[in-house]
Structure formats: structure tokens, C-alpha cells
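Structure in C-alpha cells, see below.
Going by the order they are written in, the chains are A, B and C; count residues from 1 in each one.
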Amino acid sequence: MGVKSIIFKPKFLVYLGCFILLLFLPRVLPIYHLILFESGITFAIMALGFNLLLRYTGLLSFGHGALFAVGAYAVGMTGEYFPDLYRIEILIPIALLASLVVSTIFGFICVRHTRIFFSILALAVSMVIYALLIKLYHITGGSDGIHIELPIMFGKSFEGMKRFEFLSGAYYYLLICVFAASTIIMLAIVNSPFGKALQCIRDNEVRAEMIGIRVRRYRLYAFILSGLFTGLGGAMWSFVNGHVTPEIAEWMFSGEIVYMTLLGGFMVFEGPIIGAILFTYLRLYAVTMTQYWMFLIGATLIILVLLLPEGITGGFVKLVSKIRRTPSTGVA
Amino acid sequence: MEHWVIYILNGLYFASFLFLTSLGLSIILGVMGILNLAHGSLFAIGAFVAAWIVGAFGSNSPITLLFVGLLAALGVAGVVGLALETSLIRPMYKRALEYQLLITFGILLLIEDLIKMIWGGTAYYASKPFTVMGSLSIGDNQYPYYFLFAMLISMLAGLSIWMIMSKTRVGIMLRAISMDREMAQAMGIQVGRLNTLAFGMGAALAGLAGALIVPTTPALLGIGMDPLILAFIVVVLGGLGSLKGALVGSLIVGETRSLGIVFFPEIELPLLFLIAVIILVFKPEGLFGR
Amino acid sequence: MLKVKELIKDFGKVRIINSVEFEVKADEIVSLVGPNGAGKTTLVNLISGHILPTSGRIEFIGRDITFASPYKRIKMGVARNFQITNLFSDSSILDNVRSCLFSVYGKIKRGFLPANHYRAITQEAIDILDLFGISEKKELFPPSLSEGDKKILDTAMAFALKSKFILLDEPTSGVATGDKFKVMDTIVSAIRREKMACMIIEHDMDIVSDYSDRVLVLSEGEIIADGKPKQVMEQDNVKEILFGVRA
């Protein structure tokens, strides 16, 4: 299958269409919604990484919040301590490097286990990051966090500009490009021989070992890749939010990551993307609607788990296949 | 020297309610294979119920009220646990891990706000029993009798759980389930009912632990979050479903915290997580795990 | 090719495998038969490296593999199937076999180009499925296959590892009686074609006798007969053990 045949696949055309739509979004969407949407996109980058572990490797991490925080704090702390490096083309590699280091260490510890033990261990190591962010306050700003300045982007300074102008302008297009690149890279990974190997491990680790796949090592690779996407999401999010606090490293946020992925439907590649964007809106509407927003979110979650476990995309796929299977009687 | 005694005794007090919390978590995890993220919320329910009772009937003797509060907390949390198991948790046993975790996460969110709806966002104080009990002099230092009382209650509760688990039919069946679910089912054990019981028992223990803490800390929203995380560490340290593990794990965590707060307050919490992680790397099943 | 010398395996105080010795030559198909509980699967696990022996020696192409890891043995060319089928249930039939090939060709680490891009490997996977007569089911997932097809796929995966020696643990267990010979035909003809050495483990002598060059009989952890199928069947002790006939 060559490049040409990929280009003419309908799925590719849909992707291209979505990308073009995204490019025009700032012209139609009010700024408030645009920024909310951007926040959703950064979560989507993270959720892509999270789902590489959940869907394609069969590992449920309950500590991805910490990896998200690593990306975000890499930006914040570079700004604090190395202001000369505060350029987005340097900040992103720094965030990726920090995520690489942390996720390698975390992965090394966590992939010794699977199932619930993996989840608990991921939670435990993530809380190390949370506790450090809180306690080492003279370095990390403690629970107050760190303010994120507008970065220099490809030589252009945005000093004096309002954040919303920055976010609805140049930054939006950068974010969309990063998001598109992340999606394409992740799509490539999950369909590659390596991705297939991960799925073999997920399905049957004993047999995977017996066809010559080094199970634990591949799980580690998956964890690291997942951490890189999550860290990238965190770095991109920090600019949108303008402020980073330890809350994102706490396990509650890790729980929200699981939630958004399942909301979109983790069985479908695009599910987590949709889930992340929807969750951003859902959470904000719940918070603005009632002081009991946790109740609302919790109730939605329980209903989702009980009634629509495949998530939105999974439910959609099910519906479509049901309609297709039913012979079209009466309808011309 | 006397300072050390105080630090260690403080650690024991800390360990005592941690033991109850993690024992409950451990029973639920061991028997049902479900990590109950809402365990901290059951702890919070216990705390609020006890604090409310001690505060609302202020004219009575604080000690009597405390006993009533402890029992009520145990009962309310237990009943909530039973209700949760039969309604929401039960459909989850056959489902994948992610759904089991998410449903308890959903319950956590629900309960946190339910507490807010019932008791409002204000703090409830119940320090009377604490002051009434007075304190023991150790050299120049004072050590509250209440801490000893809490340890006693915790030991009694632990002892009764141990009796139930090792001496009664129900306990033996519960242990059989936690060892091999399918085998237990094949042997004709009614796994369904025992699940409900285990969840109720675990919840009641969490509630009792929550009640024990309120004479020293006001009941606040989110009061269950820290104990939940610490209980995770205890369970991880001690090994799944092991009573001995829960006890030793609580002692390690309790003492590390107590001494940590004094000597290296900055890294006391990260240190705890690090200890847990290191133990897990070398002994994946925990200290007393199978 | 494969030499087993004085192999002993104890589980606690029980000796499951008692100083077993045999040899399998290149492109030879040997059957290992014996009643249930004779230690057949234990022997397979010892050769594939899933468990380690108490004492003794296993050599493969002149190299000592007694304590080598399963991974190392696979890389040297020892493959196996599983008595209870052991497939990648959420991956397509094609991917089940193709992943084996990616692993063999050292392409399993490639993380960027889609698997379909590797056309030669994909074609080879289809060819293997063809050889085993299940290529038209390549888009399906294992749970939707019949028990016989699952067995065939399991063997096809061991086959795809391009091993020099393949261990087949009861390749027809769970298959309907009428289909057993069909499954054996498919599997054995594929193995003969590639000139692989093979050891088939079976408790039913009838199923394997027509397909094997040589038969080993295992009873209570010891090899009690070794020879051409016809000769072995004539031996009195074999008759007694396998058919319950007293001579």
C-alpha cells in the first residue's frame, strides 16, 4: 500500500476535511468557546497517549495526570529559571525531554505489573510528583503554582498582548498543527508492526512471548510513548490555561482522564479525542450550572458506565452496524 | 528521649485509624477484586455523622455522645456500603477493570457532593470528647488520653475482624473467595451475598475510622481524600487482603508520617510514596501478600 | 537436531519426568504418545523452556539450551503451539500470523509505517493461511472460528515463526472426532512441505500413526518404546498401556 492509496482512502479525506474545518474555526467560534475548545484539544493530545496504553496495550493508568503535569511544569519552570529559553520551539522539546525522563522511570517501575496492580502503582508514583510539587514550594511555587507567560514563537514576541488574542491567533494554528501531527503519528503507531505487537501483548501476553515479543520491554516502550504524548498535551495546555497548579498531578485529574477517554469510547481510535473535547465542555457547564457539579459529573459517569460502556463513538459504531444489518423494509 | 516517645505514640494514633481505613479497603479489594476509590468518601460520611452527633446534642455527656457517634458512623457508612454494592457495584463484577474503577470514581463524586448537600460546606467540630478526656503527662510533655482511646477502639475492631475472618463460617468463606473466586463458586459458596457483606463491612470500617478522627480534626469537605491515598499505600505495602499486612503497613505509614512531619516536613509525603514504590519494585506482592 | 539426555523433572517429591532420552533428526516427524498424566505436556514445557528441568540436558543443533529462556529458544528455532488454544483474540486472523512474521523478520520494532505497507510479509502471511486452508477467514477474529480452525491457526502461528523444530501439543484436542484427520492432514502436509522437524504430542495413537516417521511412547515419565509406528504398536507393553490389552 503506497502513499497514493492512503491519500484516496475515505478516512483520510474525512481527516483532511476536519483539519480544514479546524483552520476556519477561529472565524466562526466566539473567543470564549475557542479557548475552551483549545483546552479540549490539548486534552485530546493527552488522551491519544493515554489510550495507547489502555486500548492498545491493555494497561489502565490511574496516574497520567502526573505525566501531564510534567509537561506543563517543564514549561512553567523553564520560564521561571531559564527565561532565555522561553521560546516555544525550545519549550516543546524541553517538555518532551522531561516527559521522556519521567515516563521512563515511571514505566520501568509500573510495567512490572498488569491489571489493577499496574493501576495502583501508576497512581502511587504519580502521587510522588504531586507531593513533590506541593512540598517543594520554593522551587515549584507549591499549591499556588506557576504563572505561564506568553512564549516567544519562532522569533516573534507577544509581549503586551492579551492572552486571548494570542490564543485565538498564532497559537491556535500551532496547536492545531501539533494536534494533527500527534493524531497522524499515533495512527501510524497503532497500525504499525510495533502497534500490532502491543495488541498481541494486550490479547495474550504468554503467546506474545512465545512468538518472540519481549513483553515487558514493549510495555515500557508503550508507556514512554504514552508519556510523551501526555507531556506534550500538558505543555500545550499550560499556555492555554496561563497557569499551572499541582492539581493536574493529583489522582482526581488522572481519574478525569480515564473518564474522558471512556466518554468518547476507547475502542475507537478517534474516541478519546471526541471524549476529551466533550468532557471539557461538560465539566465547564456542570461547574457553571450548579455548585453540585461533582454530583452531576459523577451521575453522568455512572450512567455512562451502566448504559453506554462503549462511549459515544462505540455506541455510534454499534448503531450504524445495527442499521446496516437490519434489511431496509419500507424505506425506499 | 521523651520527645521520641511522643513522636512514636503520635505515629501509633495515626496508624490506628489508618489501620481501620486500609483494612476496609483491603477486604473489598481482596474479596471482590475492586479498588474502591469511593472509600475515602465513606470515611468522610463517618466523620460527618459522628461530628454532627457530638455537636448537635451538646448538653449530654461528650463521652456517651462519642460512643453513639462511633456506632452511628459505623452503621450509616455500613448501610451506605450495602446500598452501593447492591445497586451500582454488583453489575460491575463481570465488567472490565476500567469500568470497575470508574464506577467507584463516579460514586466518589456523588458522595462528596451529597455530603455538601446534607451538611453544607461548613466545618463540624467535635473536639469536646478530646478535651474532656484530658491527657497523660510523659515528662514535660502531654499525651492525650483520647489517642490511647482511639488505639483501643482500633485494636478492638481489628480483633473482631480477625475473629470473624478466622473463626466464623462467613469469614472462612470470604477468605476462600479472595483466594480463588471460581473455585469458591464451584464449591457452592454464595459469592453474591458475601460480596455485599464484604463491601458493607469494609464501608463500616471506613466510617468508624472517619468517626475516630473528628475529635482531633474538624469534619471538612474532602476530609476522606488523604486517608484514601494513605490507605492505598498501606494496602500496597502490606499486601492485598492481608490483615497482618494492613496492620504493619499502617504502622510503617503512621510512624513515617509522624517522624517525617517533625524531621523532614518537606518531603514526608513524597518519602512515603517512594517507600511504597521501592517495596513494590522488590516485593511486588507487598510485604505480606500472597 | 534435538537431543534430550537424562532429563529429570521433579515437582516436590514427585518425579514427573524420569531420565528421558531421545533424539529428533532434521525433517523428521516424531510422535510422542502416552496416556493422560504420563508427563507429555511437562516434557513439551521443558523443551520450550516454560519450565526448567531438575537435571539433564537438552541440546538443539549442537547447543545446550537446557536453561535458555523461551525467547532465546524461539530465536534459535524452537516453536510450539498450545494444547488449549492460545491466540490473540482481539486481533484479526491475518494479524495473528503476520505478527509472528514481523517478529521473525525483526520488523516488530518498526513503529511508523502501517503494517499493510509491508506487502511481502502480508502476502507471506496470506500464503501461510492458504497453506493451512483458512486464508478466506483472514479478516475474522479468533473467537468466531470453529474449534478445528482455532487449532489450525494456533499451529499456523507456530509454523510462521519459521522454526526448524515445531512442538505440537495435541493439535486436534477439542476438535470434533470426524474432523481430526482433516486437521492432521492440513497441518502435517504444511510441515512436510517446509521440511521442518516436528514432534506431535497425542494421547491417541490412531490419530498420529499414519503421519509419523517414528513414535515415542511415554508412560509414567519414562520412554518405554521408540521406533516405527507399526513396530511400536506390536510391543506388548505398549499395547497394555495404550489399549489396555494384556498380552
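Heads up, the rule we're going with is that a residue touches a chain if its C-beta (ideal position, glycine included) is under 8 Å from a C-beta of that chain, and two chains touch if they have at least 3 such contacts.
What you are looking at is a predicted structure, and each value in this text was computed from that prediction instead of being measured.
A.B. asks: What is the identifier of the chain with the smallest separation between its Cα mean and the overall Cα mean?
C.D. replies: Given all protein C-alpha atoms shown, the central chain works out to be A.
A.B. asks: Go ahead and name the chain pair joined by the largest number of contacting C-beta pairs.
C.D. replies: Pair with the most C-beta pairs in contact: A-B.
A.B. asks: CA centre of chain A versus CA centre of chain B: separation in Å?
C.D. replies: Centre-to-centre distance between chain A and chain B: 33 Å.
A.B. asks: Report, in whole Å, the distance between the mean C-alpha point of chain A and the mean C-alpha point of chain C.
C.D. replies: 43
A.B. asks: With chain centres defined as C-alpha means, what is the inter-centre distance between chain B and chain C in Å?
C.D. replies: That pair's centroid distance is 52 Å.
A.B. asks: Taking the complex as given, what residues does chain A use to touch chain B?
C.D. replies: 54, 60, 62, 109, 112-113, 115-117, 119-121, 123-125, 127-128, 131-132, 134-136, 251, 255, 258-259, 262, 266, 291-295, 297-299, 301-302, 305-306, 309
A.B. asks: Applying the document's contact rule, which stretches of chain C touch chain A when the two form their complex?
C.D. replies: Within the complex, chain C touches chain A at residues 48, 70-71, 74-75, 79-80, 82, 86-91, 95, 98-100, 102-104, 107-119, 157, 161.
A.B. asks: Given the complex with chain A, which residues does chain B contribute to the contact?
C.D. replies: 29, 33, 35, 37, 88, 91-92, 95, 97-99, 101-103, 105-110, 112-114, 116-117, 229, 232-233, 235-236, 265-270, 272-274, 276-277, 280-281, 284
A.B. asks: Under the touch definition given earlier, write down the residues of chain A that touch chain C in their complex.
C.D. replies: It is residues 1, 185, 188-189, 191-197, 199-200, 202-204, 206-214 of chain A that touch chain C.
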